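Below is the structure I would like to discuss, written out as structure tokens.
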Amino acid sequence: MLVRYKNTRERTEMICRPLQIEDYVVQPIVDVSPPKWHLGHTTWFFETFILIPYCTAYQPFNPDYNYVFNSYYETVGNRVIRTDRGNLSRPTVDDIYRYRAYVDKEMSKFLGSSIAPSIQDLLILGINHEEQHQELLYTDIKYILGHNPLFPAYDVNYPLPEPTIKPSSDFIRIDEGIYEIGFEGNGFCFDNELSRHRVYLNNFEIGTRLVTNAEYVKFINDGGYHDFRHWHAEGWDWVKNNNIRAPLYWHQLDGEWHHYTFRGLEPLQLNAPVRHVSYFEAYAYAAWKGLRLPTEFEWEAAARQFTWGQNWEWTESAYLPYPGFAKAPGAIGEYNGKFMVNQKVLRGASEVTSPGHSRISYRNFFQTNLRWQFTGIRLAK
Amino acid sequence: MLVRYKNTRERTEMICRPLQIEDYVVQPIVDVSPPKWHLGHTTWFFETFILIPYCTAYQPFNPDYNYVFNSYYETVGNRVIRTDRGNLSRPTVDDIYRYRAYVDKEMSKFLGSSIAPSIQDLLILGINHEEQHQELLYTDIKYILGHNPLFPAYDVNYPLPEPTIKPSSDFIRIDEGIYEIGFEGNGFCFDNELSRHRVYLNNFEIGTRLVTNAEYVKFINDGGYHDFRHWHAEGWDWVKNNNIRAPLYWHQLDGEWHHYTFRGLEPLQLNAPVRHVSYFEAYAYAAWKGLRLPTEFEWEAAARQFTWGQNWEWTESAYLPYPGFAKAPGAIGEYNGKFMVNQKVLRGASEVTSPGHSRISYRNFFQTNLRWQFTGIRLAK
Amino acid sequence: MLVRYKNTRERTEMICRPLQIEDYVVQPIVDVSPPKWHLGHTTWFFETFILIPYCTAYQPFNPDYNYVFNSYYETVGNRVIRTDRGNLSRPTVDDIYRYRAYVDKEMSKFLGSSIAPSIQDLLILGINHEEQHQELLYTDIKYILGHNPLFPAYDVNYPLPEPTIKPSSDFIRIDEGIYEIGFEGNGFCFDNELSRHRVYLNNFEIGTRLVTNAEYVKFINDGGYHDFRHWHAEGWDWVKNNNIRAPLYWHQLDGEWHHYTFRGLEPLQLNAPVRHVSYFEAYAYAAWKGLRLPTEFEWEAAARQFTWGQNWEWTESAYLPYPGFAKAPGAIGEYNGKFMVNQKVLRGASEVTSPGHSRISYRNFFQTNLRWQFTGIRLAK
Amino acid sequence: MLVRYKNTRERTEMICRPLQIEDYVVQPIVDVSPPKWHLGHTTWFFETFILIPYCTAYQPFNPDYNYVFNSYYETVGNRVIRTDRGNLSRPTVDDIYRYRAYVDKEMSKFLGSSIAPSIQDLLILGINHEEQHQELLYTDIKYILGHNPLFPAYDVNYPLPEPTIKPSSDFIRIDEGIYEIGFEGNGFCFDNELSRHRVYLNNFEIGTRLVTNAEYVKFINDGGYHDFRHWHAEGWDWVKNNNIRAPLYWHQLDGEWHHYTFRGLEPLQLNAPVRHVSYFEAYAYAAWKGLRLPTEFEWEAAARQFTWGQNWEWTESAYLPYPGFAKAPGAIGEYNGKFMVNQKVLRGASEVTSPGHSRISYRNFFQTNLRWQFTGIRLAK
């Protein structure tokens, strides 16, 4: 367990290694957090939920950090409001790395002795929580660098996304019937994957691959962003108010589409999956094709029959509790349930998801207008 | 058919009879439309979708009215933006009644001869559309008068809501299994009630009656509006940003709760169902009770076993298309589908729903923060 | 005095005579008040500042009206917030005319007996106050009708503005020296015209006539709205954020400029003075000409040598207290002083100013972005 | 001249020496710029207005920097919008110091040979421009550190403000008459100090010292922030909308007033001048005392008779052009004139003004709600 803890903590710091100190500080939009905040917040999680309550000899590194690094846990007290995270120059990056080292040393000591199963559960939750922030670190770093007018690379050798392989058939057919949905097994899962339950699915077909950039360019060229008929009323308002004309990170230079990648600004890879689209765009693309997005239940029922895992996939499903869902008591209970309104479920995983973090029952979720995650499109009918 | 058309048209005007001319004009919040706008818009619907395309001799009453009374049909051209409806003093109320009389006379002539089944479908849609606006007329008039500092009555003899009768058992139990959901039969239904399909429901219990004002007062007195644990994160922001402390129309005078009704400001009826709560409040109340709201599928499967019809009931279900849902071609296709995102389904009907308008498969829908409809709470577990 | 009171009161109602009831109710922008509010507020002024304190037998018409018709007098208690004036359908127009008749009858009785000089001063202030609202009634009615998509006329026989007569010389020269500024004489003036004091003026020249529509069209055609160099930084932001391309009420139909007048939409009168420009536009026009606007002191020193009185003229002067300015005690002291920041002085009068209301020392004032008054441009150098 | 250039450039870097890299990056409010932006912008000024046009061999350090470091000069092309300055992690602080070194080396070479008088004027303007940014660096650093929840010190040995010495008389009397206002002499001045001209002043008295913190506490304790009568209408809105209760940087800890200083959070120095008040507060304080603020002309006429220079002093004067004011052609003409609307003049200098930078005719100016400068109060009557 200690090994897994250490590996997770090291991987977080590895992700930040290519950054300049300045890159750790800024917050260009409210959805993005400064990397130094992620470094501190994931540390605060272990300090607050394990060391302070269960390790009696523990001295907090700095009592003011609770205020700075609490994200949204109302139970745990006051906090810096989200929009202010990028306004804090202190604690410095060095301070936060010292904070990490201090907490890691104390955790190592604490995990050296035998710990109760309930604490072990908190530890595993903390590790999974940090893995979620590893993904957010990647997406937030991409936004911070990708919205700088100098378009600096994160890593000039970062691998390009794999092209979408054309399978023999574009759609597979799934038969009507009762399907079991939700987490099954003994390992860790988040509370929102429970409880496993039955759903009835009608006959449907689901795409064996994701929509490509080349296909999405056709939607653009066909005037997809100018025809209200493809869009939800709320999506159409979003397009007009924000003057949306292409996925996030796309730029037209001398008539050619480019996109910002971790390697810097590059010509658009036509045969790679389209990414960084909002739910509104995913829905409009599907409507333009005369098709639709799958529900999360259809996705889960079919997922063993297609490849997934490099891009999060928007589903048509609203993020709602499963039958029998119950919040944990105390602050941990704030983890998922309180977000179960006005968001859409994403299924799968992305190229920046931590290894082993996702699974077939995993439920990610975002508001319908957000695009800074590696979000793609799978079609259904 | 002509009789039904005329009855519907007359009922709309009957609803407006107690109004002063000034009451027809104002729009205190964006969700409320001025009554004169409703009068014009429902007329425009018949003119635009029946008389102009199918009655060749028809001369439009005033070509500028398309701009003024189009609500959201992008297909049918430009329109006054929604927030501007209350800024228009012209056309006057008299002009609009003349417009109604003109269109009604032309419709009577047109319906006097035999009409094709497809036009008959449009006529029935137009009648149902006007019935929906009859309900909105009531709720919008309530808001217009109820937010005036003079609290004028709509009708001092308007009947009080019936008290919630305490049935022998508070909950009924429904067995796990496959249920058929959606409209069944030959009559009219809206596109969002189709197609009828199967869902799998787990064992559940559902309340036989709605939550009362007396019960809701307990939630308030227990600090329900001050404890974040009962609320969605988005709901909690809504409470704090809008300083919400009670349902809409509630006022505390000398320590006693009153509420604005169509009769004016009255002492709160403790044994009547609570109304004018948002989805956020309905959810928080249920969470405070350790219970939950039913899904729309649970509601439909159980609805023959309890009384409903005086208050719209919030469900936990997001407003999404049923399997097999398809938009109609052209402007009529904009009717429902484009709103199927970030809204919650309400089931039932309210005391101001037009007689015969609702049914067990009927799906109403609103954003989670809205309260000016007669929205109430049924619990499930 | 009673005669003057009655004439003023009747003139207010005469201005409203061409209106439909609906026109009395709406408030399309925050700066515009509904005509019925003006009718009530001017009446409230006499009731609150004369009848209630000095006429012991007086019974207020309706105690709730203080809340509805108080404009901004913090001393006199709470009030409907300004943006809500257009959301009130009650009191009705009829109610307000009854309110006027009631107060007028009581005032007639009260003024029939001899009254103290201090009350006489309040009466004269009330009459001048109502005259100010007569001008606002005209400008607000123009906005309400002029922003309706049907462009209804206020009065099809309303006289056109007189053309700007070209005098023999465009500028007159005023010599450097000390000038006396401010109200002189025994009649009524507002507190902001006092005290009369000396200013030192350098040599300057001032236009003998106002800028015409034809001249302003040249500014537009020369790209005046697209060249930041003519504008204040704040004015340039205003142009860009509001997409300003011409004075208020101007519309280009089939390539020809039209403007909304009290007679309806009409072809632009090229030889009439340009109106409905903001201070930002007046400044930019002058800068484009290589000239400037006069200060209010220059204007007052020169005004006997040119024609004025059909359009309010923007000056370069900020609205500030004169040396020796002192607020009256109590609510009347809120009349002018509290607006003496971030506004510009206008001098002159307009075609809708009440007869005899303005004078050479009169100071009007508005924020730099406002255009719904009859504001024009006189140049200086 | 080269010596003065080098001293100025070194002083800028000296001001930043106590900062951590993170402190250079953030922009907590729109009025504050990140220190690294000031470092780059002042360098860009010399590069853009001297090296590029006049030093033919000069190679720009990085062509993209024009976009990043242009502040508001529309003539010089596009630029990062002001609110985005804190969203840029690149160029890094190191990059910017390299940019400074590069430009300084080129400037040294260029200034080594003889330069034309017109270029010399630009050089002096650039030096004065950088001195202005030195003051902004201090005030922006104070805001960045003073709004961090950890309240870090800039320099724990930073000297405390000197107490306000009580002179023998609180007011001096100035006689009515004509006074000469504006810059006189051969040295450098900004365009807004010209041309020297006559104004007529009435008899007035002006304070010999500034208002102290102890005096301002009395205003607070007397309910000054809760009584609308002291405030402009716009100031009162500002107080209510922003919940203002004390000057910026004041905090009440256990009932005792503290204020953030460059040394960290310290008990309030009662006998020091009050600072960090807005114009609205300065005006309200004066009104509460039954006094007023001086005009900038009164200030200039009297300034040789009292001590000034540690705090900028709000005047009652709007920031307007002097008679005969003329903009320079080209981008330099954008320096001052375009801000001459809706701002108030400040006179004097502050403890963080660069040595020798201010003078008796110097005119500073800010919007009426701003407080992050070292702004104080001198009274007049």
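Order of writing sets the labels: A, B, C and D. Residues in every chain begin at 1.
Following the convention adopted for this analysis, a residue touches a chain if its C-beta (ideal position, glycine included) is under 8 Å from a C-beta of that chain, and two chains touch if they have at least 3 such contacts.
Only a predicted model underlies this, so the values are computations on that prediction, with no experimental measurement involved.
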For subunit A and subunit C, the touch-path distance in steps comes out at 2
On a CA-centroid basis, which chain has its centre farthest from subunit B's? D
Starting from the mean Cα coordinates of subunit A and subunit B, work out the distance between those two points in Å. 36
If you average the CA atoms of subunit A and of subunit D, how many Å lie between those two points? 44
Note: subunit D sits from subunit B at a C-alpha centroid distance in Å of 57
Multi-chain contact sites of subunit C, meaning residues that touch two or more partners: none
Counting only chain pairs that touch, give me the topology of the graph as line, ring, star, complete or other. ring
Between which chains is there touch? A-B, A-D, B-C, C-D
Going by the contact rule at the top, pick out the subunit B residues touching subunit A in the complex. 72, 74-75, 178, 197-200, 202, 204, 228-229, 231-236, 279-280, 283, 292, 316-318, 320-321, 323-324, 333, 338-342, 368
Report the residues of subunit D in contact with subunit A in the complex, numbered from low to high. 20-28, 36, 64, 67-68, 80, 84, 86-93, 144-145, 147-150, 152
